[in-house]
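What follows is chain A paired twice: with chain B in the first complex and chain C in the second.
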Partner chain A sequence: MMPAEARAARNRFLATLLCVVVAGAIFPSVANRGLVFIAGLLWINVVFGLAFNLLFATGGILSFGQAMFYAVGAYAASVLSLRLPELPFLWALLVSGLAGAGLAVVAGTVALRRSEGVYFAVLTLAFGELLHIVITKSTLLGRNDGLNGIRRPVIDIGMLHLDFSAGDAFYYFILVVCAFLVGVLWMVTHGAFGRALLAIRQEAQRAEFLGMPVQRYRLIAFAISGAITAVAGALAAPWLQIVTPDLARWSNSTNPILFTLLGGSGFFWGPAAGAAILSVVFYTTRTLAGIADLATGGMLLVVVLSLPGGVLGLLNAVRQRATRRHSGTEAADG
Partner chain B sequence: MGLAEWATTLVNAMTWAMATFLVAAGLTLIFGILHILNFSHGGFFMIGAYVAFTLLTRLGGANSFSAYLLAACAAAVVVALLGALVDRVILQRLRRVEDAYVLIATYALLLVCEGGTKLIWGLGYQSLQPPSPFEGAVVVGNFAVPAFSLFVIGAGLAVFAGLEWLLGRTAAGRLIRAVAMDPWTARLLGVNVTRVFAMTVVAGFALAGLAGGLLLANQSLSPELASVFIIQAFGVIIVGGMGSVRGAFLGAMLLGLIESVGSYILPDLPGLLFFAALAVILLWRPQGLLGRERGT
Partner chain C sequence: MAEILLEALGIYKGYGRIPVLKNVSLTIERGESHVVIGPNGAGKSTLFKVLTGELYPSAGGVFFEGKDVTRTPAWQRAQRGFGRTFQVARVFQHMSARENMLIAVETAERSRGAWIPPWRLAPTSALEARVAELLEDVGLADRAATVASELAYGDRKRLELGMTLALQPSLLLLDEPTAGMSQSERKASVDLIARVTRRHGISLLLTEHDMGVVFGLATRLTVLHYGEVIASGEPDAVREDARVREVYLGHE
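Take a look at the complex of A and B:
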């Protein structure tokens, strides 16, 4: 049995997700192809950001190496698509996710020895850079040039034959898979495991005294985040149709951090809101060198210095003040 | 390996070590006193390099040694002034914010540095035109040491000696160390902690600008320069024990040796041994060579 409050929260989540998916599904009929391309990346970035926030807000660990999972997923999907074209794409997604989880376990085992903010951040950053070096030196992975000509897949499930290779069709596939991944992340965050992580975040020592395997929980959270991020990367590869070693750089690792902080790390949908805002910023400043960096950096500074709840926190505060004033006037009337 | 190869490897190691130490010095200084890991350090290093470059190309004298040194000092002053501004506007407001958010704020500052650099100096690559003051090499027997390597090694040793003297032998240094150890008691004893913090930030930024100017001659300048040295510098201060200048110096020498031997044994995989060593050293000594566990 689920308590009424939890059921209400779940229903609210499902309603929000449904609205987002419907909006996403309508989008291609009102926008041009360039914008649809950006929207496809936005859904991938939403998952990228939410998977980071599972670590950051729920697990209390700051990873500066999310790009390594994204890159591992993207490269795994690309290599499979180029070398084993007969392998169904859903299998490729699964393999990418497993690769991301495996990498997370290896990197996490070393990096979690110093899980306090700064150390973990720099260690994960170093792992990402290490992966970048390995990619640029590996012929299988196309060295500095990366891999190109990645086809958008055709998927056969039983009687169902879905061809995503033409036009924007793959956009809908991205939308559906990302919605599924967001659902998984919501369940992880709000289930027993997420609550245990939150307890560890708030009182690591007390949780340890109570017999919780703190380090193992953190490692599992890192693996889940790595797996989901890798699947997001695997979706990006056929959408971009090219993967380059830059995907593994720390500048890519900072993307989910930007999404999360800007949108509000304290809200489940915070990273999604942040990703949407930054998509707009990048789209409008794409021809002005330097302005995009200045705008992103400036916004981030404003958020950290004076809006720790992010944009959603600001909206929430405004709404609460409005409700309070509203109920205040009602009380005065009565 | 023959004798000449050993010597070359050693010179390369020391050059790498001292170049990285020049960048890491300000980083570890600020971390040691304020407990802020400053991501934007690389950005201000880059701005220092651009400032020195602009001075040398606009005012001429690109091939005079003293002009080169003067330009580096000017870069240090400019970046130190920026540091005073950054401390006033940003860092002072981050004192009560969680570590993770402080780190992200300094990353935001790095983005601002990169954006500003792109706007002011453009996206292209630039470099000092060859007659730079460091053409040629010093020949010892049948072995040649590039003049610029000697210069970098000398500069690194000089900055290390200067910092050791400043922190260990002067009143200001004692004050800084006292504040680092226990800011609360220091404040109680009438020390203006905010001012000591501000001084430290200005000194750390000046070191970033100085490093940018000193290392200009073998760099090609581009807005990506910020992240080239910063990863190495992070590695060095983690291995050395964060916040310790001596640790950074030792860490730089150790990683320099590893990096240099690595590029001799595995020339196809530059940097691989550096990261592998970083991971191994951390598994063995998570607090770094000269670091202490936090809270003890």
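Take a look at the complex of A and C:
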């Protein structure tokens, strides 16, 4: 009985992912280049938000330092692209991911000593700010000016020669890699490891007395989130073609939190929905300086105060009410 | 003399400057059902926490199967054969009874060195069968799909006991296993504990208030009073001990 249920859940996820990818693939043929640029960032932000929510919703860990992973990935890819242009880009992505995981292990080992909510959040925030300072003091990393002129890569895999340097071509690469990362996050969330994390979140001491190395599992979750976020950052570098120390700032760490609160942390796709909504807000208000922040703040207030389940929570409630009314009428008819 | 499974030697523990345990020593032999009793504030729960690894003693040692585990973290003790339940049952509230049991079974498998792919969505049929068997064992087969927070309190306690049994422990440590239960639930609970410990050859340490439970299960009784052991031995002998009668049983 259970495997069928699990298969159904997996198929539902794959169907959703496929719809998103198809929509994303069609998008450049109906939209202008400015919109395609924003869409590319959206896919990166979707991964950024989902990687945060793996920690938040599944692991019960509030990280306020996700920007450090994003920045580490972006800077690692940039430095490799500028200093070692002959290194294949897929290797650069891999190195970025490992850098993110390594940083997460270092920061997590220290911060998880005080894993109780706010202490952990503040310690991750401190690590992020520390990284920001290190970047602004490193000549290799371009100090306050950042690094620019990062080229979009050309990828050779065996017979396959893919040139992403021209036009929107790199957009498709972003789309494919992000879809893959979303798949990885879904498996981590819904597999045996995600189950264990959920158990720890609900009753850590019980999990520990069942023989679970609770702190180690939390650290692994942090490392996975760090690695995936860093790969997302590494994709952003050639897309933006410039990286600046601001990527490591706390303001960037608030982005995945915003996506998650807005979309609904209780849903796997919640942060993705939140990222999409904010992309639309930024695009429609792009000519009016300051309006985007105002709109974001206003929406966040509304969601936190009146829609604790986020936008997807609201949609879910509406759908449930509709089905109930539907079955209610049927019962009345019968 | 039977083999000693767990031994606590000269345990001291205090909170701040208030001493709670003073030179407490105790042994659990294999196959024994050892019950620790004592008035409120005697230090039963603290002793229990020191034995399970929730707290480390300020002095003294805890030895399991002859090895020093005084400062071994709780999760490692669980992997070595400690099974522990809490005074107020702790289960994963938002998961069904089946999912709760699955977590315990998967964790036990990992402790035994089995590799469970982290991305595996549904457990193998062998694990699924084990989950069903354990639920059956503690009489929760028909509650498998019920979310733990909606289970009756007695059922939640039995679920927790079943999850602990999934670890196939050699020593079961139960902190007031019948606290908060009605008289009939208590009886059923004692029967269940006696049945599973006998069937799987599990040794037992429990703290308890209810004298019916104590004398129904104990093969050895230790009385704690103000952080000190004042008597330990066969239940009937302890019952006749003058000091014990004075401080504890006399009030019942």
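By our rule, the second predicted complex is superposed on the first by the 332 of 334 C-alpha atoms of A that agree within 3 Å, B and C clash if a C-alpha of one lies under 4 Å from a C-alpha of the other, contacts with A are read in each partner's own complex, and residues count from 1 in each chain.
To be clear about the criterion, a contact is a pair of C-beta atoms (placed from the backbone, for glycine too) under 8 Å apart; a residue touches a chain by one contact, two chains touch by 3 or more.
No experiment lies behind these values; they were computed from the predicted model shown.
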item: Partner chain(s) touched by A:Leu125 [first = chain B, second = chain C, both, neither]; value: first
item: First, second, both or neither for A:Ile291, with chain B first and chain C second; value: first
item: Partner chain in contact with A:Ile133 - chain B first, chain C second, else both or neither; value: first
item: Partner chain(s) touched by A:Ile257 [first = chain B, second = chain C, both, neither]; value: first
item: Of chain B and chain C, the chain that contacts the larger number of chain A residues; value: B
item: First, second, both or neither for A:Gly211, with chain B first and chain C second; value: second
item: Touched partner set for A:Phe56, first chain B, second chain C, both or neither; value: first
item: Partner chain(s) touched by A:Arg195 [first = chain B, second = chain C, both, neither]; value: second
item: Of all residues in chain A, those that touch chain B in their complex; value: 56, 62, 110, 113-114, 116-119, 121-123, 125-127, 129-130, 133-134, 137, 250-251, 254, 257, 261, 289-298, 300-301, 304-305, 308
item: Contacting residues of chain B [partner chain A, same complex]; value: 37, 90, 93-94, 97-101, 103-105, 107-119, 122-123, 227, 231, 234-235, 238, 242, 268-272, 275-276, 278-279, 282-283, 286, 294
item: Contact footprint of chain A on chain C as seen in their complex; value: 52, 54, 73-76, 78-79, 82, 84, 86, 90-95, 99, 102-104, 106-108, 110-111, 116-123, 128, 160, 163-164, 166-167
item: Complex contacts: residues of chain A adjacent to chain C; value: 2-3, 5-7, 9-10, 187-188, 190-196, 198-199, 202-203, 205-214
